[in-house]
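Next, two complexes with subunit A in common: one pairs it with subunit B, the other with subunit C.
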Partner chain A sequence: MKSNPRFLITSKQLIFVIVGCTLGIGYLTLPREISAISGHDAWISIIIGSIVPLLSLSLIAKLGSIFPSLTIVEILEVLLGRFTGSLLSILVIAYFLNAAAVVLRGMTEIVSTFILPQTPMFIIAGLFSITAWYSAKRGLKVLGRLNEIMFYIFLLALAVLLIPLMNADVTNMLPVFDANPLDLIEGAADTSFAFVGIGILLVVYPMVTRREEVIKAGQTAIGIVLTIYLFITVICLLVFGSESLQYEMWPLLTLAKTQEIPVLQRGDLFVLILLTGFGIKPVINFVFASSFSLVQVLNQEEEKYYSPLALILTIVVFCLSILPENILSFIVYQNLVGLISPVIGIGLPAVLLVIGWLRKRGATYG
Partner chain B sequence: MGRKCLLLFFCLQLVCVTGCYDYHDVEDLTLPIVVSYDLPAKPGNQESRKMVVSAVIINPTAGMAQTRIDSMEVQTTADARNANAHFSPGLLVLGQIQVILHGENIARRGLGIDDGLLRVAQIKRTMYMAIVEGRGDELLKTKVSVAPEIGVYLLDLLNSAQRRTFLPTTTMHDFEVNATTIGRNPIIPIIKDEGTRIRIIGTGIFDKKRLIAKVGIRDTRSLVLLRGLKCNGFIPFVIEQDGEKVDEGTVVVSNTRKVKAGYEDGRVTFRIDISLKGSLLEHSSPELVDETRLREIQETVSQTIASDCRRLIQKMQEDIGVDFIDITKYAKAKWGSEIRNQIEGDDFIEDVRIVVNVKTSIVQLGQTR
Partner chain C sequence: METVELPVSLAQKMELLAPYLDTNRDVKSRSFSLRGKKKLSAVAIFMEGITDYHSLNRDILLPLMNREFQEIRDPGGFLEEVTTSVLTVGQIKTVATPAAMIHSIFDGMTVLIFDGIPDALAIDARGGEYRSIQEPLLDHAVRGPRESFTENIVTNISLVRRKLRDPNLVVESLVLGQRSRTEIAILYIKDIADPGIVAEIKERLAPVNIDGVLSVGQVNQLIEDRPHSVFPVTRTVERADMAAASLLEGRIVVASGESPFMLVYPTLFAEFFRSMDDYYERNIIGAFIKPLRFFAFFIAVSLPSLYIALFAYQPELITYRLLIHVERFRSEVPFPVLFEAIMIELLIQLIIEASLRLPTPLGQTIGVVTGIVLGQAAIMAKLASPSLIIIIAIAALSIYVIPNYSITQSVRIVRILMMIAASTFGLFGFILGWLLILGQLADLESIGVPNMAPLAPTRFADLKDTFFVSPLKKQKERPVSVPIQDKKRRE
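Moving on to the complex of A and B:
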């Protein structure tokens, strides 16, 4: 890959890109989903579940160390040939597009439910899509900065969630290690789907200025995401308890409604307004990843074709996002994309490493 | 050129904002602040499973002093929104509902009807709940003299109850968490119309979402102390020696509760320690308050509260049969899934041993001795 300053980020920005890709909408429902399996020990499942993205990180980083200046599209071409490589690249792009569509639809559902119930969903999704395209077309450097700024705003939203702790009951978390070990592992497997954003590293690895810091940056990002997931899950468990939590569609937002906040009144709206910008970041990041990859698959110049392709793919994401008929079919769609994520995050780099090793091409690539 | 086009595009978006689908003038809204649910007044209609929904509606342009009461007979709570649309000119917005009342009859049938309030994201979870002795729609018609308007009066009466004395305050969130958690049961204050004012007269005890019993105001004090609801309240005392009254007065105390669950003699045993800490407000004896008198006051208060609490516990175990003092959670926290089946059984709370200890510390005497 040729170095283009528009597509270069520092390792610090990489942290925020990974965090921004991972924290999509999953954290809004994670406490309910994991506690449905692991009960009040959900937080243990979340810690165990973070092993999966660490594995994914080490596999992608290993692949990156062998092919330091190649993106996933180029690696696939080198190892599998032009035709097969392009075909698999298109599947990876399709995954990114679907992941973006899931987040876009999720945010649309939330805004529609909590803020704009009478506005047609395609209008909300459309406005989000315009924002996503406008940001993504600027390139990765701008995305790196955007992800960082949005992360700090997100922290402010998390701080507001400390207020409902006035209703916390510590007995909701006890006794520790009460759940069946198999349930803990099942909960951990579910948690690992909430770390899907790590897959973006397949595209951005060669765009990091100091690649020797990628693993450290990745670990930091996973650590940040894990801390946020734990924070959210523990607060939800303390306030609702694992049994009551099952009745809440969006526990994190309902949590903000459990305590009256003077002046603001509806805390959920305040939190949601802060989260809205943060929530569509994965859409922006995945639109970038898919557009950039498509330019490479088509073997075209980034400067000329990246922006128009970003627009086309944003429209594709928009169309995919409005396909599910209702929230229940959306949840099925979300779970389906979640199931594919380990294939992309772990399966693909693992298979490519094995192929690379079999062909004994070693460190001479790139 | 590109930048100009972009600027034009964003300006056009701003123009659209004023015509947003969800935009409405505030003065055109129907804003209920208190909602009440009752069974139909005519006994024959009660069999039809219908209910009466009544609401205190504010008019934003006229101010809080001008409210009206809308009442309608409907099939379900959310059906009231449909019925309201037939006669109310403004768009119904439910985000300002502050108080939810249930008539006693409908509460005995069960509060599963509240699903319509929980499902709509625009409705608060911090609404205060109360059970009305009698009918809620009748209570809303009370011409209160202690406040300009019934809606705000009810809100103030209920939301600060726990800060005023030993009374419970229950929000929709509290109710739902207690009603949907194994081993826990909600409580809701009971209010009654007294002509020109409304009084909190006790507490309704729920088995999950169904009202099963009521306790009076004295038992309510024991209930909130046993349940560990943090209050700040007044306790009168009378000190007697050889059958004669030697002193009487009042202390103001705040309370905390500690519960320990364990097995004693093969039986699940809960040890509840209630701690009261506060000040002496008054005493009638001309003698100065010395160490001995202070100890006597503390012991008298402790004994009175302990005896009241034991009586309520007996009532809970022998008559009511559900844990309304919220102690089962300590057994769950200690033994987890081992005890889950036992807790889910009907007679868990009846079979356990509950020991209550009360300790009172009067730390301030005020400005006189």
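Moving on to the complex of A and C:
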């Protein structure tokens, strides 16, 4: 079952899967949100904030090393019995679905605001969903490759942002360590939604061909995400300064607006297209994670049931994404998911590790 | 026909052959007799046009009719004597059943039947007319060898052998097709190619129950992983040096009789952008041209759809001056952008298809004339704007920058699909279209090898040859994207 090649990836692809889950749309609002609390030391908050996913990574990896070939669903069932385990699995699946829905909604908002203002949201969301399903239904092996390709293209898009450095003013970031340490911590707490992606390791851990490389891959992934977030935040701070930054809903896009590419006068829409297109990666990855887990909860054959379930769950994600009425309720939704993710990312494996340790006398698992 | 033995007497054997001899004008029989204590009758049956008469007369009939035969003691001994001491031909097989005998005749062999001896002899005295080795049609080389494969599988294999004289180059053969009985050859270098892949290919060809195999294209459909995908996962090569280069990289090449192309497995997407010229010319030229090809691919797929998306949906994205300039011409055109684009695209596709069907001199003229005349007339009648014609013409042209023919066909289709996507949802449709393409590409595999390697999964060692051309001195190791055994090219 786990040796089903349709669901295997290498540790290098794991890096890109995790990066793909994390770099969704968070970076578009990140600079503004964190600097609202930490001012121009927002970048420090982000660095502190990365402790959360690192902690999550080590806990999940530890859990995985005790149960090497089991996904979270199976671990829950083993440790808590079929009924409770399934119940909690459904909660985890719901978390993945909501995370996907938040990203989907975020992208839809941006497309709706900037590109297709007159198209109803559900059509935009629907189109994204169809595209996400088209890739998600193929299984993890293909997703590993897809995440990789898209990451490289995404990097190219980011390179465009180097140009506004000409307008950078270093004094915007000085003095360093100006902010109140408590504010810094509070800012760090706010980054939790931005690092959501590590949760996918709960499902994907047994599917990596060389388990001993998982921790290193996870650290590399978090490192990459951190670097990109810092890059974006620092540029935004340098160019705008933390106060003006508050007035920008999506500072990154404003930054791109200043780019004049020869034929296209405004780089922002161009970059926007690229960035939005790659915001679909978390949706695809989370649809995969939830569909695969659901197959396991229902105790069925992966091969047969994965694709149809992927379709059903994509529809669910679509429905969830059109629920919030406007952008403000969307932000509330986003923050809500951001709050739950450390619970799932840290709390869940921690609790399971304790239970596993308590039960360790006697049976061996995995 | 059941697997019975052939009858002993000549008359009975001729009775079996009578239906074929009577109805077919090109199946000939030549009776003769062998000298000896007892006169022995024999008949040679052969196909007109496929048999080499020279060899038939000089090497088969002459020695048989001239020889004094001793008393026939046993049939086996007689045939052995004939085979070893009389017939001066290369390949002889003994045939024991009526079915095999009939098949041998229709395979072009010369069949000898004797009175009083049940078994027959099938002799390979084939000749006949074949197209001579000419310049390749599709895989043009500027500075490379100009010999292309022909329809004769023996010639084709010999062309490859001449390039690779390694005793480890293995040529296995099998026959496909109940009625076409096409000879298929599988070539690979035994100590480089991955045995798993070789076995997989043989397995895919083995159980096939099909009536006729007429070209490598059909053979490919039998072997290929995803025959329904838009993009090809197999390369067809027309020249022996291309086949040899692939063999050296550990690939497996499949040749089909009667087809001047060979198939290369497994294939990576990046290889469609490779031309042998890159390795024959200076490296640094390849460093410019290779990225140009990838860029051409991107343009061929995206340019018309980008144009539609921008001018129809997001004109604010275009530089003011360019916009004014283009709109000046476009404003007089009575159609919306999408309609214009589809119309011109269709026109160009019609021209391309028509010139493919016409014989060469006519095809070129028609292509040029129609293109220029229609294009100019359309502009003057204000039915199309010049900028759009330029865009679509550039896109149509860039397809043919890509060295491989099969992928150009796919690109034509994908481009039209992208145009539809862009015209429905603008830039958003454009990006979704590309996401769907990437999703499809990421899924493609060629005999289990991911098509998008070495980009994904990333193999850094191979990347430098993918986007650029690595010089010969640097080519110390073979590309590892496809599993192989012997990794080093040289020490």
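Definition applied: the second predicted complex is superposed on the first by the 357 of 366 C-alpha atoms of A that agree within 3 Å, B and C clash if a C-alpha of one lies under 4 Å from a C-alpha of the other, contacts with A are read in each partner's own complex, and residues count from 1 in each chain.
As a working rule, a contact is a pair of C-beta atoms (placed from the backbone, for glycine too) under 8 Å apart; a residue touches a chain by one contact, two chains touch by 3 or more.
Note that the coordinates shown come from a computational prediction; the quantities given were computed from them, not determined experimentally.
When the two complexes are overlaid on their common chain A, residue A:Glu243 makes contact with subunit B while staying clear of subunit C. Once the two complexes are laid over each other on the shared chain, residue contacts for A:Ile149 go to subunit C alone; subunit B is not touched.
Contacts of A:Thr276 after superposition on the shared chain: subunit C is touched, whereas subunit B is not.
Within the superposed three-chain model, A:Pro120 lies in touch with subunit B and out of touch with subunit C [touch as defined at top]. By the touch criterion defined above, A:Val111 reaches subunit C but does not reach subunit B.
Of the two partner chains, neither subunit B nor subunit C is touched by A:Gln296. Using the contact criterion defined above for the overlaid structures, shared-chain residue A:Ser135 touches subunit C, although it does not reach subunit B. In the superposition on chain A, A:Thr171 contacts subunit B only, with no contact to subunit C.
Once both structures are placed on chain A, subunit A residues 115-116, 119, 127, 265-266 are touched by subunit B and, in the other complex, by subunit C.
On the side of subunit A, the complex with subunit C involves touching residues 10, 12-13, 111, 115-116, 119, 124, 127-128, 131, 134-135, 138, 142-146, 148-150, 152, 262-266, 269-270, 273-274, 276-277, 280. Subunit B makes touch with subunit A in their complex at residues 13, 20-22, 95, 118, 121-122, 124-126, 171, 173-174, 176-177, 180-182, 329-330, 332-337. Contacts from subunit C toward subunit A in the complex involve residues 310, 314, 316-320, 322, 425-428, 430-432, 434-436, 438-439, 441-443, 450, 452, 455-458. Within the complex formed with subunit B, the residues of subunit A that make contact are 113-120, 123, 127, 167, 169-172, 174-175, 178, 239-241, 243-244, 246-247, 253-254, 257-260, 265-266, 268.
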